[in-house]
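Structures are listed in the sections that come next.
Shared between the two complexes below is chain A, which has chain B as its partner in the first and chain C in the second.
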Partner chain A sequence: MDFSIKNHRVLFHLWDTPVYLTDTLIATWIIMGALILLAVVVRVRLRRFQEVPRGFQNIIETMVESMDNFTKTIMGPGFDEFGPYFFGVFLFILLANYSGLFGLRQPTADLAVTGALAMMSFVLIHFRGIRMQKRGYIKEYFSPHPVFFPINLVGEISKPVSLAFRLFGNILGGVIIMGLIYGMLPLALRIVLPDLLHAYFDVFAGSLQAFIFTILSMTFIAQKSTTE
Partner chain B sequence: MFQLCTIALTGAELPPGSILSLDKKLLVEMLVYIINISLLTGVLAFLLYKPVKKFMAQRKERIAAEIEAAQKDREEALELKEQYESLIADIETEREEILHAAYKKAMERSDQMLFAARREAENVYNRALAELKTEKENMADEMKRQMIEIAAMMAGRFVEVSVDRETQDRLIAEALAEWEES
Partner chain C sequence: MDGRSFILGMSALSAGICTLSGLGSGLGQGIAAGKAAEAVGRQPEARNSILSTMLVGAAVAETCSVYGLVIALILLMANPLV
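And then the complex of A and B:
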C-alpha cells in the first residue's frame, strides 16, 4: 500500500531544485479552480443580488458574514483586513480536507501545503506584530527577563511548526487509516462500510482542523498585535 | 484510495513519491503553494469576499437609512399627534371656557331679568296699592259726601217740617255769629 505523494512530471526548476507536478498540486489546482469559479459566478451574479437574500445569495452572504463576524469575535476590532485572507484560507483547507471524498489526494496531507499555510500565518503574525508593537515587538522576546529569550524564540518558531504538523498529521492520519480500511475490505464492502469513516475523517475532522488552523492563526496574529 | 486524477506521465527520471521529506524540495514546494494559496485568497477576496461585503454594507446602510427615515417620520407623526391632541385639549378648554362664560352671562342676564321683573312687579304692586288707597279714600270721601248730602237733605226736611220762620232766622244768626267768632 503506497501512501506517498506521486511525482508526475517536472514543471520547472527553482534554485536548481525540480518542482514536480504532484498529486497534491493537481488537487490544489482543482480546488483553486472550483473556488475561483465560485468567485467568478458570485461576481457575475452580484448585480442580480436581491435586497432579501434567497438560495445561492443567502449561502454566499452567510459565508461572508460568518467569516466577518468570526474574525471580529476572535481577533477583536481593527483586524477587518484579515477577513478576506482567512476566508480564502478556511475555504481552501475545508475543501482540501473534503477533497478525499471525491477521490483526490488531500492537499492538506502534504507538509508542503500545510507548511505553506503555516508560513503565511507566521509572516502575518510577525509582520502585524512589528507594525503594531514597533519596539515592544523585540522587547517581548526578552520578557519577563532576558534569560527567557531562547524560550520565547523557540515558542515563536514552534507556532508555525505546530500549525503545519497538526493539520498535516490529522489529515494524513485519516488518509492512512482510510487507505488501510479500503485495503482490508473486500471490493463488495467498499461501497457502504467506509462511509461513516469518511464522514468522520474527511467531514468532521476536516471541518474541525480547518476551524482549528484558522482560529489559531487568528489568535496568534491578534496576540502578537496587542501592545502590552 | 481513489486516485481519479493521477496523470500517467511518470517517467523513469522522476524520483519516487514520498509522504514526508524535510529537505530543500519541501521549501521550494512550500514557496509554490504559498504563491498558489496567495493567488487564491487574492482572487477570492477581490471577486467574492469584498464585493459581497460591500453589497451587504451598502444594503445595511440603506436599511439603516430607511429605518432612520421611518423613525423620523414616526417622531414627526408623534409630534403632530401631540400637537393635535394639544389642540384638541385647547379646544376642549376653550369650549369649556366659552360654555362657562355663556352660562355665567346667561345667569347674570337671568338675574338681571328676574331683578327687573321683580322690581316691575313691585312697582305694579305699589302702584296698585296706591291706586287702591286713593280709590278707597275717594270712596270714603264720596260716602262722606253722600252721607252729608243725605244728612243735609234729612235735616232740611226736618227743619222744613219742625222749625218756623222765626227759629230759622235765629239759628242762622247764631251760626253766623259763631263763624264770626272763629
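And then the complex of A and C:
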C-alpha cells in the first residue's frame, strides 16, 4: 500500500527550502518529453504533407480539426485561439491520467499539478474577461445588487479550487483503490484481476476527467468574456 | 486513554463519516442519468449533445463527494489535530 508521493533526492535549495525530485516530477518530464517528441515529429513531417491526407497526416489532421470544431461548439465564435491551447492541456491531462498504466505515478494525483493547471485557467478567465468586457467586468461583481459582492467574489475563487480538487480527487481516489487492491492480492493474481479496474480508473475515468477539465475551463472563459 | 489516541480514533471515525458525502452525489448522478435516458428516448437524434451535457452535469455533481474524499484523506494522512 504505497500511494504517497516519494521524494527521491534534493535537487536544489530555494532560500533554504529543499526542492525534491519527486515521482510527480519524473512522470511529468516523461510526459512532456513524449508530447515534445510528437510535436517535433509532426513539424518534420509537415513539410511532406500533401493536399489529400493519407495515413499519419490523416490522424493528425482529424485530431486538430475535431478539437477546433469542439472549441467552436462549446465557446462560440471569436475564440479560435483557444483551440490549440486546450488541445495541449487536454493531451497533457490525458497522458498524465494514462501514465498509471505504464507504472508511473499519475502526476494529476498531485495537488501541485492540478493546482497549476487550474491557475492557468484562472488567469485566462480573468485576463480575457478584463480585455473583452472592460468596465462591464467590474460591474459584473456588483450585479444584481452590490450586496451580492462577497458572494460573487467567493464564487470566482471557488472556480479554480473546484477545478483543481475535482481532477485531483478523482485520480487520487483511483490511485488509492488500486494501491489497496494490489496490496490485498497475492503476487500470482496481480496479473489478470486488476486489469478491469485499470480500464475503469485509468482509461475511463481518466479520459472523462480530462474532457471535463477542458470543457469546464472553456465554459468559464466563454462565460466571463461575453458582454451583455 | 490519552488524548492523542482519542484524537486519532475520532479522526478515523470522522474520515468514515466524510465518505457519506458520496450519498448525495450518487443520488444526483442517478437522477441526471435517468433524465438523460428519458431525453434520449424522446429525442434519439440529439443523443450526442445530451450525453456530453449529462457528463458535465454529473462531474459537477461529483465535486461535493470529492471534497468529502479529500477531507477524509487529510484526516487520515495529514491530520492537523495531532
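General observations
As a working rule, the second predicted complex is superposed on the first by the 223 of 228 C-alpha atoms of A that agree within 3 Å, B and C clash if a C-alpha of one lies under 4 Å from a C-alpha of the other, contacts with A are read in each partner's own complex, and residues count from 1 in each chain.
Heads up, the rule we're going with is that contacts are C-beta pairs under 8 Å (C-beta built on N, C-alpha and C of every residue); 3 or more make two chains touch, one makes a residue touch a chain.
Computed from a prediction, not measured in an experiment: that's the story for all the values here.
Three-chain overlay on chain A, with chain B and chain C fitting side by side and no clash. Once the two complexes are laid over each other on the shared chain, residue contacts for A:Glu51 go to chain B alone; chain C is not touched. Contact with chain B, but none with chain C, is seen for A:Thr22 once the two complexes are overlaid on the shared chain. Contact with chain B, but none with chain C, is seen for A:Val42 once the two complexes are overlaid on the shared chain.
When the two complexes are overlaid on their common chain A, residue A:Ile215 makes contact with chain C while staying clear of chain B. Shared-chain residue A:Ser162: touches chain C; no touch with chain B. Looking at the shared chain after the overlay, A:Phe92 reaches chain B, while chain C stays out of its contact range. Centres of mass aside, this uses C-alpha centres: at chain A, the angle toward chain B and chain C in the superposed model is 110 degrees, to the nearest 10. Measured by the number of chain A residues touched, the leading partner among chain B and chain C is B. Judged by the touch definition given at the top, the superposed model places A:Leu172 against both chain B and chain C.
Overlay on chain A (Cα): least separation between chain B and chain C is 7 Å.
The intersection of chain A residues touching chain B with those touching chain C, taken from the two complexes, comprises 4, 172. Interface residues of chain B facing chain A in the complex, by the touch rule stated above, are 1-11, 13-20, 22, 24-26, 28-34, 36-45, 47-53, 55-56, 59, 62. For chain A in complex with chain B, the touching residues are 2-10, 14-15, 17-23, 25-30, 32, 35-36, 38-40, 42-43, 46, 49, 51, 60-61, 64-65, 67-68, 83-85, 87-89, 91-92, 100, 102-105, 107, 110-113, 115-117, 119-120, 172, 175, 178-179, 182. Touching chain C in their complex are the following residues of chain A: 4, 162, 165-166, 168-170, 172-173, 176, 208-209, 211-212, 215-216. Chain C makes touch with chain A in their complex at residues 52, 55-56, 59-60, 62-63, 66-67, 69-70, 73, 77.
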